[in-house]
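What follows is a set of structures to go through.
The two complexes that follow have chain A in common; it is paired with chain B in the first and with chain C in the second.
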Partner chain A sequence: MNSIEVNNLTKVYDSRFKKNAVTALKDFNLNVESGSIFGLLGPNGAGKTTLIKILLGITFPTKGSASILGEDISNYNVRKKIGYLPENHKFPNYLTGPEVLTYFSKLSGYENPNLNIRIDEMLALVKMDQWKKMKIKKYSKGMMQRLGLAQAMINDPELIFLDEPTDGVDPIGRKEIRDILVDVKNQGKTIFLNSHLLSEVELITDRVAILNKGIMLREGDVKELTISKELFKITIKGEPDEDNIKSALQDFLISKLEKNIVYVKLDSSDEIDKVIDSLRKNNFSILSVENQKNTLEDMFISLINETEKKI
Partner chain B sequence: MKNILTLSQYTFREAMARKIFLTFFAVSSFVLILFVILFVSVSIEEMASMISVNGNEAFDFISKIVEVMKIAIIAPLFVGGLFLSIFSASSFIPNMLEKGSIDLLLSKPVSRAQIILGKFFGGFAIVLLNIAYLVVGLWLLIGVKFNVWDTSILLSIVMISFTFAVLYSLIILVGILTRSSILAMMLTYIIFFILSPVLLLRDKISILIDNVVVEYLLDGLYYIIPKTAELSNININIAQGLGIDEYQPIISSFLFMILTLALSITIFNKKDY
Partner chain C sequence: MNIIYKLIKKEIIRFLNDKTSMMLTFIVPIILMVIFGNIFGGHGSSRGKANLILINNSNSEIAKFIEQKLDSTETLRLIKNYSEEFSEIKFPYTEEIAKEHIKKGKISSALILPENFFTDTSSSLLFKFYYDPKNEIESAMIQGSVQQTIMSQVGGIMPVLMMRQAKKQIGENKFLNFSDDLKKTVSANFGVNVDSLQFLGGDFEKRAMNLNNNNSSNVIGNLVKFDSEQLVGADVKSPGLTRSIGGIAMMFMLFTLTAAANSMFEEKSEGTLNRLLCMPVKRSHILWSKYIYSLLLGIFQLLVLFTSAWLIFDLDIFSNFINLIIVIIASAAAAVSFGMIITSFAKNINQASGLSTLLILVMSAIGGAWFPIFLLPDWMQSLARGTLTFWAVEAYIQVLWRSADFSAIALNVLVLLSIAFIINFYSLLRFRKGKVFR
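Let's turn to the complex of A and B:
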């Protein structure tokens, strides 16, 4: 089952002068499976926040349709089951942390006779329980972010949208937030994540979509997307002579050679058999052959660069 | 209904958190304290009995003083109270529309109409409370001092709050259109202090200018714009127990409020944030 379904969504921000109109999303399609962590990636101005805003009824689509948790996005009642942490959020600064959570739980239509206990639990989860009596105007950026996360989860939502959730949070705090998100996912909830920190996204997301200038460039499993079909790491038994290896692989492009490990770059993964044959013919014993992984960041940068060149 | 109540409650809290409403409250308290001092130090009953041995004449004297006091209190209260209320309420909508704040609000299961109505009733409630505090306080002081328990002064609470509600609807509309508290405040002050009093004199102006176009323009503006100057006069009249001569200013101002709120909701419903 999908928690989010987006069909041919287009958003054009009109201007008084037509030539200044901006297309933030163009015929965008997306499905997000329930119970997963989905990462939406893209450079600034790619249309990521616009997509979230449309899904949450903050902005209206120009064309197309979308549904969340099986309901059309125009039905605002579905938002009872949704949590949202916007980027650079602003809470009423005259409130304390627990008061902020009370306010937003009320607005979310969350009914829990033990709301105070739930609030205490949420504050403890994001490690903000020691600041309960402090007005939030005195909070640091990291503290606001932690409170924001608690706010997004206070109504026990089925689907949580997080826009840059670790922005301004220290490395330990980021790790804690990642752990919380994985824990929430394990409870069967769906998380839709917008983040610039690709190394973090890579660590926790199940699937990602890459967006640029309102167009979906790629979508898929993080493992699938980061695998590099062309680069292979071959480990040779013993302490082979480097010149002999170079000689055995003279028909191939050696990317790197470190003692008994050789990285070979191929035009196609089908050529790996020929590499192995060549090494074996020269009496090298092969311990392992691994298809090398790119980082999500490598893949992201190369994909964005490629599309920028095309446009 | 629950959402409107929650939003009203938190608009009320927002208002309480602002120093201007505390100032309003402090000014009201100061006025009440001044009257307490005045009433304690000057014995009106004694003065009345010195002037006349006739009980009725003394009573007339007291009621005259009470009437003068009512006018002296109610007229400045109308202007001062509304001046402070407009000033403090003008930022409710622009603050709500700030990035990061409106996103959160709209992502909740709350309709946009409920958000506007919540803000409207919350702002209205705080002004009502402040005005009621001052007027009821004065009524009690006058009652205790002169033993005159005329409730007509209490109707000022309704009139001042109603006038604020009419102007507040305009603040909301301008806030939604421009996100500017200064513009909302300025426009409301212009209507309150300049346009409405000037339009009240439109017949005299028309005679002076003697131009049909100007006459139509003034008439048109008169019927469109809230009639705060007339509402002020009505307020003084009802505080004196004279009743209401003409309901047209009340009805047309009420219609202005309803239409302005409806327009605010319609525009807010279509806006991207």
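Let's turn to the complex of A and C:
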């Protein structure tokens, strides 16, 4: 089952002069499976914020449709089951943390006779329980972010939108937030993550979508997307002579050679058999052959650069 | 020096790019200058005239002459006829109708020249003057204009009246004997021909009645009986404050409620608005909550203001309290709508603040919050009727100054509520396309 379904979504920001109209999304399609962590990636101006705004009912699509948890986005009641942490959020600074959580839980229609217990649990989860009596105006950015995360989860939502959830949080705090998100996912909730910190996205997301200039460039499983089909790591038994290896693989491009490990870059993954044959023919014993992975960041940058060149 | 030059240049560029500052620096003062210039003798003689009911029941030539002279003054507009509501048929004013209209606040003054204004035996000119000093300036101006016109234009009649008064007091025969003796004494002692002393008899009256003879004398001003009667507000404890508090209240409520509506821009920049939009609430819920909150704020603000005026200046707010509350609610509803429409049109909080400041000041100036609108040129008076300030200020005067019943404020309340309804409905439509929710 999908928590989010987007069909041919187009959003054009009108201008008084037609030539200045901006197409933020163009025939955009997307499915987010329930119980997963989904990452939305793209450079600035790609249309990520517009997509989130449309899904959350903040702005309206020009064309197309979308549904959340099986309900059309125009049905505002579905938002009872949604949590949202906006980027650079601010809460009324005269409130305390528990007051913010009470306010938003009531606005979101969350009914829980033990709300105070729930609030305490949430504050403990984000490690803010020791600051319960402090007014928000005294909060640091990291504290605001932790409270924002608690606020996004206070109504026990089925789907949580998080916009830059670790922004301003120190490395230890980031790790804690990642652990919380994985824990939430394990409870069967769906998390829709928008972040520029690709290394973090890579660590916790199941699937990602990359968009640029309102168009979907790629979508898929993080492992699939980061795998490099052309780069192989071959480990050879013993302590082979480097020159002999180079000689055996003279018809192939060696990208790196470290003692008994050789990295070979191929035009196609089909050529790996020929590499193995050549090594075997020269009496090398092969311990392992691994398809090398790129980082998500490498893949992202290379994909964006490719599309920019095409445009 | 070069650094200072660059910093000054930076300041100028910043100012030129701030449209709100530009508007408040140049456009607002220019518009207010035009308004004040028109009132206090600026370009041309475009100042408005004060309306005055004139009822001339006298058949005397003097009465006709005075009517003609009053008609030609630059400060007064004589109203001689009236029509019933929803009818175009005109009826000449009677004294009773004039008094009734003044009491209802339709007009502020009436000058009556009664049948016995001036007869062959009159020893004084009789005027009746009814007025409602709801606008002190207007009232003083009308009285001054009427008296000045009478004194300056019919001064020649005054010696006649003096003679008649003397005859009345000492008897005709005694007066004639006195004047004959006086003539003889003057002639004997000063060598003057008796016939040349015409001011003591003969055809003096006839010649003095030549109304174009303009030898006026204010010394004999007491020969004009000006029977004034204040029909409204005579018992009001703090007349000045009672007359002006409606305008003050309206102006500050407009500022407060426009700021409250504009706070949506602040909520947008803080992210609170987006957070609310993705809650299970409709946009209309957000707008209506803002509207109702602002309405309550406006009502509370005015209640505090009026209560303070009661405590400090003994302003009577309780004798007509229900109607006062009705006017407060209606004017607050209209003021909130004004704030909402500004917010729905503006692109950001700076634009909204600048635009609202401009419009509030202009509406206060021409709507009667600062001075009576009769001072404005006719075209501005017509424009004033398009402002919610005008209808609110008039309603406050009716309630506080005149202690009027609901029928007297019904039209004002209807107009204010209609403004609130129409503008608010349009604002709701505008918000869909407005920048606040984008």
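Just so we're on the same page, the second predicted complex is superposed on the first by the 311 of 311 C-alpha atoms of A that agree within 3 Å, B and C clash if a C-alpha of one lies under 4 Å from a C-alpha of the other, contacts with A are read in each partner's own complex, and residues count from 1 in each chain.
Please note the rule applied: a residue touches a chain if its C-beta (ideal position, glycine included) is under 8 Å from a C-beta of that chain, and two chains touch if they have at least 3 such contacts.
Every value quoted in this text rests on a predicted model; they were computed, and no experiment measured them.
With both complexes brought onto chain A, simultaneous placement of chain B and chain C is prevented by a clash. In the superposed model, A:K132 lies in contact with neither chain B nor chain C. Using the contact criterion defined above for the overlaid structures, shared-chain residue A:K141 touches neither chain B nor chain C, since it reaches no partner. Once the two complexes are laid over each other on the shared chain, residue contacts for A:Y103 go to chain B alone; chain C is not touched.
Contacts of A:R79 after superposition: both chain B and chain C are touched. The superposed model built on chain A shows that, among 7-15, 115-123, 169-177 or 385-393, the segment of chain C colliding with chain B is 385-393. Within chain A, the residues touched by chain B in the first complex and by chain C in the second are 13, 53, 56-59, 76-80, 82, 84, 86-92, 104, 107-109, 161. For chain C in complex with chain A, the residues that touch the partner chain are 270-272, 274-282, 437-438. Chain A makes touch with chain B in their complex at residues 13, 53, 56-60, 76-80, 82, 84, 86-92, 94-95, 103-104, 106-109, 151, 161. Chain A contributes residues 13, 53, 56-59, 76-80, 82, 84, 86-92, 104, 107-109, 161 to its touches with chain C in the complex. Residues 2-3, 6-7, 10, 13-14, 17, 98-111, 270, 272-273 of chain B touch chain A in their complex.
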